[in-house]
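The structure's right below; bear with me while I get my questions together.
Every chain is named by a letter (A, B, C and D) in the order it is written, and numbering of its residues begins at 1.
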Amino acid sequence: MKVGFIGLGRMGQAIAARMLGGGHDLVVYNRTRSKADALAKGGAKVADDIADACTGREVVFTMLTDDKALVEVAQNGLLATLAKGAIHVPMGTHSVTALADLDKAHVGVGQVMVACPVLGRPDAAAAGQLNLVPAGPAQAIAKLEPLFKVIGRRTFNAGTNPAGAGAVKLANNMVLGCAIEAMAEAFALVRKFGVDPAVFNEVLTDGLFAAPAYKVYGSIIARQAYDQAGFTATLGLKDANLMIAAGQAAGVPLPSLNVYRDRLLGAMAHGEAELDWAVMARDQARASGLK
Amino acid sequence: MKVGFIGLGRMGQAIAARMLGGGHDLVVYNRTRSKADALAKGGAKVADDIADACTGREVVFTMLTDDKALVEVAQNGLLATLAKGAIHVPMGTHSVTALADLDKAHVGVGQVMVACPVLGRPDAAAAGQLNLVPAGPAQAIAKLEPLFKVIGRRTFNAGTNPAGAGAVKLANNMVLGCAIEAMAEAFALVRKFGVDPAVFNEVLTDGLFAAPAYKVYGSIIARQAYDQAGFTATLGLKDANLMIAAGQAAGVPLPSLNVYRDRLLGAMAHGEAELDWAVMARDQARASGLK
Amino acid sequence: MKVGFIGLGRMGQAIAARMLGGGHDLVVYNRTRSKADALAKGGAKVADDIADACTGREVVFTMLTDDKALVEVAQNGLLATLAKGAIHVPMGTHSVTALADLDKAHVGVGQVMVACPVLGRPDAAAAGQLNLVPAGPAQAIAKLEPLFKVIGRRTFNAGTNPAGAGAVKLANNMVLGCAIEAMAEAFALVRKFGVDPAVFNEVLTDGLFAAPAYKVYGSIIARQAYDQAGFTATLGLKDANLMIAAGQAAGVPLPSLNVYRDRLLGAMAHGEAELDWAVMARDQARASGLK
Amino acid sequence: MKVGFIGLGRMGQAIAARMLGGGHDLVVYNRTRSKADALAKGGAKVADDIADACTGREVVFTMLTDDKALVEVAQNGLLATLAKGAIHVPMGTHSVTALADLDKAHVGVGQVMVACPVLGRPDAAAAGQLNLVPAGPAQAIAKLEPLFKVIGRRTFNAGTNPAGAGAVKLANNMVLGCAIEAMAEAFALVRKFGVDPAVFNEVLTDGLFAAPAYKVYGSIIARQAYDQAGFTATLGLKDANLMIAAGQAAGVPLPSLNVYRDRLLGAMAHGEAELDWAVMARDQARASGLK
């Protein structure tokens, strides 16, 4: 398929490389051109600008940092040059409002949008093992299947409303944030009774919570290893804000989200913004008078 | 070992049967005597009263519904007749205060207490597959090892303070309550964007949350199958209250617990007290204007 | 009227003195007898025990510290000796459950109960300027009017259910706790922007919040004068727990209460249990990284 | 003084009229020109555009709906034409970030900014009875005194950081939102015990809470008169969002704010967005199973 790919951060590069490996005709674009070097060696054409990466393409993927970058790409070439009937697939983590607005804009000029956030880290992306959550017109999703196959291990159809895919991604992250805060409270409590945090971590992850979310973050909390930041408090807060906006757009109170967002603010107020977002457990410990 | 066992509900019967199967000398007691029938057939002696189940025993296990039952058993025979140096092992879910008070009482008369709440359902108990969380004097825990081996699959040493074992049990349940409420909020959100709850459940449980807690409760929430109550809202509230008391005793604010406790109260205010405690997802849906 | 009065703390003494001044025939009782001295000089008869303070009285008031004390007084003489048709008026701050249970017990033996918590401090009591909140049978409340007139400035009829009067008292205290926590958050915020807390206090109390609650506590918070405890964090928590129990009994989630209760726990975890309950503002400041 | 005034909504018109009455040389501007008619009759000059209202003025006041309007006015003439050393006084309710950014921009071109949000309704403005909260360079605030005198009854100096004045305004509104939610919870509770809401309203507002905030909103809640919207749920949410942003900018968790914001979302999810924001009491009642 004739594919454009805009946004070559670590995730973008890994996903684009999979498409290239899958034999697709790939044009890539990134503001900092050097990030396209490896893909160029692999056979991708490097576009000079956004328009160049969209013109004549059947599908254009974007993997961008935030809403601002998405809107800029849309306004500076994507909306103007993507062919009628061609599909834009935003894969980044975006607000439901930005996705809904952009969907409307695409539809307004005869283009198609399928939002498709991904679940997984760059190494999963490189191995074609991402979980994909597309939402948009059924026909368009069907057309994208061959591409999804080379980049993902499984596809979860989130319906026909692109904003729904965004909501799934945000909600999944929110459930994680809530799990971390729940652990934060639980560890603070048992520590007060002299329980070894490592033992409590074993109790949790050997039973009901034998899942990556608890194993990864339970271990960080038990060891208080917040300086090995996989995902910082700052990024956690950014995500939480997208979630707050989604809750507002949909009319859904999110009290558990508020709780962990307040912990992130507390951590940031104590100079811990760049520690791992599991640092909410340190904020909880502090609130409990623990050291 | 010479073992006494008081409290023959479903869990108690299953655990006592394992001990009998392990070749231990077992005297059992239950207020409603008929519940001891199966164990009697298996070779257990049935005591006429609490004193009878404690006198001359090296270890007495209790598996009782609540603090009230525990205090009654303690005061109506256990404290008075258990030998010096013998061990009482309360296995029920009790408040940290009740455990601390009882520990003090035992120590005061030269007895030993090892709190040992269990994680697992009656079928796991019957199969000797419980997770055990003992806390108390190290020597006493060591002495109990042979018994723990026939009833559990794994033992997690929660330290020397019996209340710590109670805190672990409560904290584990609290983490579960928080996970259910997080799902409740997440499902409400994605539903508002037209996402099929079953698909969202797949997203969660295929990835970061591939654990029993999410599989069991995600499925209940996705199917809105709250009437198949494994654990009712009423029981969830009872547990939450023990947790609130533990947080107060230890000086630990528990904001996420408060959130899900409020959902349970909301559910109960709508006549849903005897539904599964996952009904907090229905309360969240209601708060979000969903049907 | 023939009045009995049990519980002669500062409030009790002040109220009983008003009744004496109003010309009523008063028998008083207190566990520590010396607290009755002043009233005895004023003409009150001092009872030797609870029964003595109830026998032959038309009305018996109790002003007791907590539910435990109320239950003890009820069981150790009050229920047994109060005449049929006579009225018991508990004035302390009690749980709705304790009031409901005691009401049932009184009715069961042909007695009448009118719960009547009071709003105001001992100096207001001494001046007969309390606000009174009676609830119970209308006829009984009417009969009490002459007594209410000498002890209060205004009577608010809370209905026929005695527990309702208890709920009003608790709810009034809860609204105060919420106001303090709201100020705590607001002061922390403006301090971060370099605003003088004394100025912010002026803004609040000169406008929408020109009321004693804000004037008293705004001033404490602005001056961080938490060591002049009018009402300690410990007492605030005790009250909050009564409120939690009321919310549970009635099926009412109380999220704002939970927020300030968590602040009280945080303060207590930092050794501030005996400071004024406005210390929740210090806990909020701490959570915000302020000194 | 030579004064410019931009933004002639109800508040703006009333304030500008006071300045005119105070004998100041006034040029006014509003996008919809007709709103300037009354002031023109009173002697104000009506500007054709923003630049026209700023050029040659010693002070320019703006009273604008939101940050977006403020930024537009700043960029479309105000920053470009206000004289060096002249003062811009934004009076609207703005985010702390917008105020800080604009302050920086003014300083960058040699202008001065004094943020001065106002407390009070249009009728207070018309009577010159507003409470004013200026923050900015001390000298500039001093220079503004003669103007403040004709429009306000009292001035509260919020320091030298303009964002601080914004924080005070937002914090004051937040304290109000928290008070309404506290009442919401309290009324729901007492209603469950059969207490007449009007009586409870009397209890509150006769004692600790004898202030406009409680009298106005207590009455609305007691009568469930949410359709007489003074300030809608939508506007309450808009304000709450400014507050959330302020808390984030300052690193201050605001759990009580989150609670009432969730109630506003709940109300909006039930189609009550345009009712008075006291409708959070209806959302609380609904959560409590009340009708």
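Keep in mind that, in the parts below, contacts are C-beta pairs under 8 Å (C-beta built on N, C-alpha and C of every residue); 3 or more make two chains touch, one makes a residue touch a chain.
Predicted model, so just to flag it, every value in this text is computed and none were measured.
Between the contact lists of chain C and chain D, the overlap consists of A, B.
Least step count on the touch graph, chain B to chain C: 1.
Averaging C-alpha coordinates per chain and comparing to chain A, the farthest chain turns out to be C. Between the chain pairs B-D and A-D, more C-beta pairs are in contact across A-D.
Between the CA-based centres of chain A and chain D the separation comes to 37 Å, rounded to the whole angstrom. Separation between the centroids of chain B and chain D, computed from CA atoms only, is 53 Å.
Within chain A, the positions touching two or more other chains are listed as 247, 251-255, 259, 262, 266, 269, 287-289. Per the touch definition, chain A reaches chain B in the complex via residues 96, 119-120, 131, 133, 135, 154, 156-161, 163-164, 166-168, 170-172, 174-176, 178-179, 181-183, 185-190, 192-196, 199-200, 202-204, 206-214, 246-247, 250-257, 259-260, 262, 284, 287-289.
Residues 255, 266, 269-271, 283, 286-289 of chain B touch chain D in their complex.
Across the complex, chain C is touched by residues 237, 241, 244, 247-248, 250-255, 258-259, 261-263, 265-266, 268-269 of chain B.
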